[in-house]
Amino acid sequence: MATVLKKADVVVIGGGAVGTAAAYHLALRGKKVVLCEMRNIAAGATGRCGGMVVHCYGRFLNIDKTDYRLKFTRANTKIMKEYQKNFEIDFEFRQVGCLDIAIDESEFNDLKRLIEIQRSLGDDEIELLDRKETLEVMPNLNPEVIFGSRLRKSDGNLNPFLLARAQALEAQKLGAEIVTHTKIEEIVIKNNEVQGVKISDGIIESPYVVNATNGWASLLTEDIEVIPVRELAMVTERLPELPPQPFEMLCNGDFAYGATQTVSGNYNLGGPGPARPPDYNYFDETIYADEVLRVMSYIFTIFPGLSEVSIVRSWVGTMGFTPDGMPSIGPMPGIKGLFIVAGFPAGMSWAAISGKIASEYICDGKTSLPINRMNPGRFTGKPKVQWPQPYDLTVCHDFLTKGA
Amino acid sequence: MKTELAIIGAGPAGLCAAIEAAKNGVDVTLIDENRTAGGQLFKQIHRFFGSEEHLAGIRGFEIGNMMLEDTQKYGVKVLLNTVVWGMFPDLKLGLSNGNMVSVIEARRIIVSTGALENSLSFPGWTLPNIMGAGAAQTMVNVNRVLPGNKVLIIGSGNVGLIVAYQLLQAGAEVIAVVEALPEVRGYQVHASKIVRMGIPIITSHTITRAEGDSCVRKAEIARIDDTFKVLKGSEMILDVDLICIAVGLRPLAELCWMAGMKFDYLPQLGGFVPLHNENMQSSIEGIYVAGDVAGIEEASSAMEEGKLAGIAAGISLGKIVKKQGIEIINKAKEGLRALRLGPYGDYRQESKEKIVHHYYAA
Amino acid sequence: MRIKEHPILGPLPVAKEVIIIVDGKKIKAYEGEMISTAIVASGIKTFRYTSKKKEPRGIFCAIGRCTDCVMEVNGRPNVRTCVTPVEDNMVINTQEGLGIWENWRGGG
Amino acid sequence: MEYRRSLLEKTNGIITLEKIEKYNGYPSEERFSKGPVPIIECIEEIPCNPCETVCDRHLIKVGKPITNYPRLIDPDGKCTGCTKCITICPGLAIFIVDKTYSENEASIALPYEELPIPVQGEKIVGIDRAGNSVCKGFVQKVLSRKNFDRTHVVTIVIPKEFADDVRYFKRIDE
């Protein structure tokens, strides 16, 4: 029998923005929390993303659930504003707006239709801008390529490292224990009830486990089916703030290329980095020359000024998608004590509220917001989604937008 | 663009690797981000140590000129003003020259990107005219401009001692060389030379503060005990207008990290060093490392390691007959062994053996 | 100041004179030499001021690695002056913080 | 600057005659009486042997490995004072002392790589290994040969009793 290293009320797996949020909110409710992170705080997707806060990510996929999604992302923004009042670390959250750019007439018409649906579902913020209006908001864009855009002024960005570290620090102040460089070998379940987690030198006993490992979630809990998606990211040298400064651009449908300027002036650039043949390993964090050139040149067609700017570093991050594009947040059906918070294409817009919901469920058995549409077990028993191979952009674009 | 052997960094190691490989029929592309090749050679106006095979007794920049001629003689393709911004797994290199970006594919790669000077933090350390000793050496010997007239040097290793002498040669007044440990770190001959020329070497002392505005004006040094604690009351204020930091170098191994090489942490060789075997093959098939990037030593060892890597790459490409190649390799290894002896060499030999051991154990 | 005569390197090599404009002042330079060389030769030690604390910074590594010597060159900030050669009537300004991008296509 | 003296008092790294005698050997007065003698002040096992290879009369021995302490092997005074060893030494650690220069004077040939180059007959102050001025003297000869590769050999003449200590000089007018 493996030795029991320690006992906890809740073990949170994953040291990203979502895991540290869960740890904080659970500690806030007086729970004895142990957070285990395989590498270091924010070493996974959190530390590799552009830090975008986008209240309604993507286009067609789940457009019908706009009102449902806005409840969560607006609540998320409210919580982050509270954080800013009493957290020691400033995680640089700013609402500078977000432009979702149409690069041809058909995309512009799509945006027009999408906005009508969004408005009909109570979204009073979203605005449609034609080319002139878009260029007034962000003059540095390439007029020959821009057709128009969708603007939400309440979107913004933040420093993802600092968000995760801020939540982790506040959780520690409330007694939570953060254990890094500790890989979970398995979630220990006996007759469908969580006993704790197994790590290299023993067991941490706990009646509750929160799986907040996003892209890696299915490795610990198969049936929840979170698909890892490889994203390439780059950062430029520091530039003065570009007035006015809505940031991130989503274009080319759901396969977003993006550019977002941080508080310290660097531009974070991002784009899809499909896994490579022959083995299509989505966790492959090495970088390939052709994908760096592709993402750079695509963004430079949209934002030509950046082509005169030096790229300082490039890296790869692993996002988590679910087959239907909605996150998986909720108790794992059939396993008492296992709570899932994973599958976020836009994690920074959901992290704080997901952590709070996890703590509500574990402490009160119910949640302040309805999580019925995000039941982690909704894919159990269904045929596993075969990610289209070879994984090329156009095929995946249709796959994601039209659903499995 | 394709090449058989791409070499990144045209310093002593890169130049020797290129020459040795090209001399034996390998198609070599030597890449360097600077306008001229040579790396540290062209700021080293002193004579090299070692033996005849190490070109001892010849000044660094003369050796540099000789090697530049050899690169032309043996048909090495030299790409200057070209930055390697990425080393990718399938032996591909991302190049940029001006705003022209391209990718070159190689069958073998040698990384000889050299080293960067360590800095030292103390109140005021970011003031203008507080710079690396190697930086001051570059300004004086390459750019022919004297950044300051009253110089304080921190660190009494060979770099600190040699730069003190070379600043004096350029007409500056060197106020003192300050060393934290109780004894001088560099060669006695370098120390004797500057002491007889009136430059005091103050051991068991360190810099505790620097003051200035648009340029450093004052430096405070103080005695420290063997736990590096400042002894109150031992402070001295010196009037300076240039402070040179000579507290060691570390390998410039970003490309090695990017390619996913395995590393070892060896402070005696400058910190994180890419694992390699006795023929400079790194932990990634087809990629070799040579010179300071594979562990901080001096230019003479960098040259020998360059030869080693150049020939090893040539053999593995099938372009150099094994028997003949092995001869050159053994000669280079003898050269290295001779350099890694004595109080200044033993610890390097031991560390290098540890790296090779970890290479095979990894 | 420039080392006109050096015991080992000999006299300064002959080079074509060029003029660079540093913070509006004309300064003599020699073709092919680095911007930082001409700047240091003219007695200037501060190349930029940091954005947050406005502290003066100058050359540190002189091999193009540390970016402490960056200045605005021909309207573009963050140019590493220790590895960028001078050109005739180059306009060079001490960089304040992140600098001002003048004729930048991406400019606001 | 008043702290100059206090700094000099604290200096470390001074090479001493005892160490030179121990590692490189120091000529006897009897050997000195035969003419110019190269003095090698290289007391560490550093990998270096150009002094051995440059001497046409093979009077300097390092051997294998090249970290051996260099030693002059010239009991019968074959050294002609050609000064090749002085200018090849990467550490500028070889001097030629000739105590037969005159009745109470000795000459010291030492490597010089600074500007301005001294002129024959110039008045100088003899400096010892610790940087102290110990005596007066004059510049007897300045050799500036092409194959010396920019190291000049300056021979100074000083009172004989300082010949074992003076290893540098400064001009009087400085």
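Read from first to last, the chains carry the letters A, B, C and D; within each, the first residue is number 1.
Definition applied: a residue touches a chain if its C-beta (ideal position, glycine included) is under 8 Å from a C-beta of that chain, and two chains touch if they have at least 3 such contacts.
Since this is a predicted model, take the numbers as computed values, not measurements.
Comparing mean CA positions across the assembly, the chain most remote from subunit A is D.
The chain closest to the protein's centre is B, with centres computed as averages of CA atoms. Looking at contact counts per chain pair, the maximum sits at B-D. Taking each chain's centre as the average of its CA atoms, subunit C and subunit D sit 43 Å apart. Subunit A and subunit D, compared by their mean Cα positions, are separated by 73 Å. Distance from the subunit B centre to the subunit C centre is 25 Å, each centre being the mean of its Cα atoms. Residue numbers of subunit A whose C-beta contacts span two or more other chains: 308. Counting partner chains per residue, subunit D has residues 113-115, 150 touching two or more of them. Those residues of subunit C in touch with two or more other chains are numbered 6-8. Those residues of subunit A that touch subunit B in the complex are listed here as 286-290, 292-293, 307-308, 311, 314. Partner subunit A is touched in their complex by these residues of subunit C: 51, 76-78, 97-101, 104-108. Those residues of subunit B that touch subunit C in the complex are listed here as 33-35, 45, 59, 116-117, 119, 126-132, 134-136, 138-141, 143-147, 169-171, 213-215, 252. Residues 1, 3, 6-8, 10-15, 41-50, 53-54, 65-67, 88-93, 113-115, 127-131, 149-150, 167-168 of subunit D touch subunit B in their complex.
Taken in their complex, subunit C has these residues touching subunit D: 5-8.
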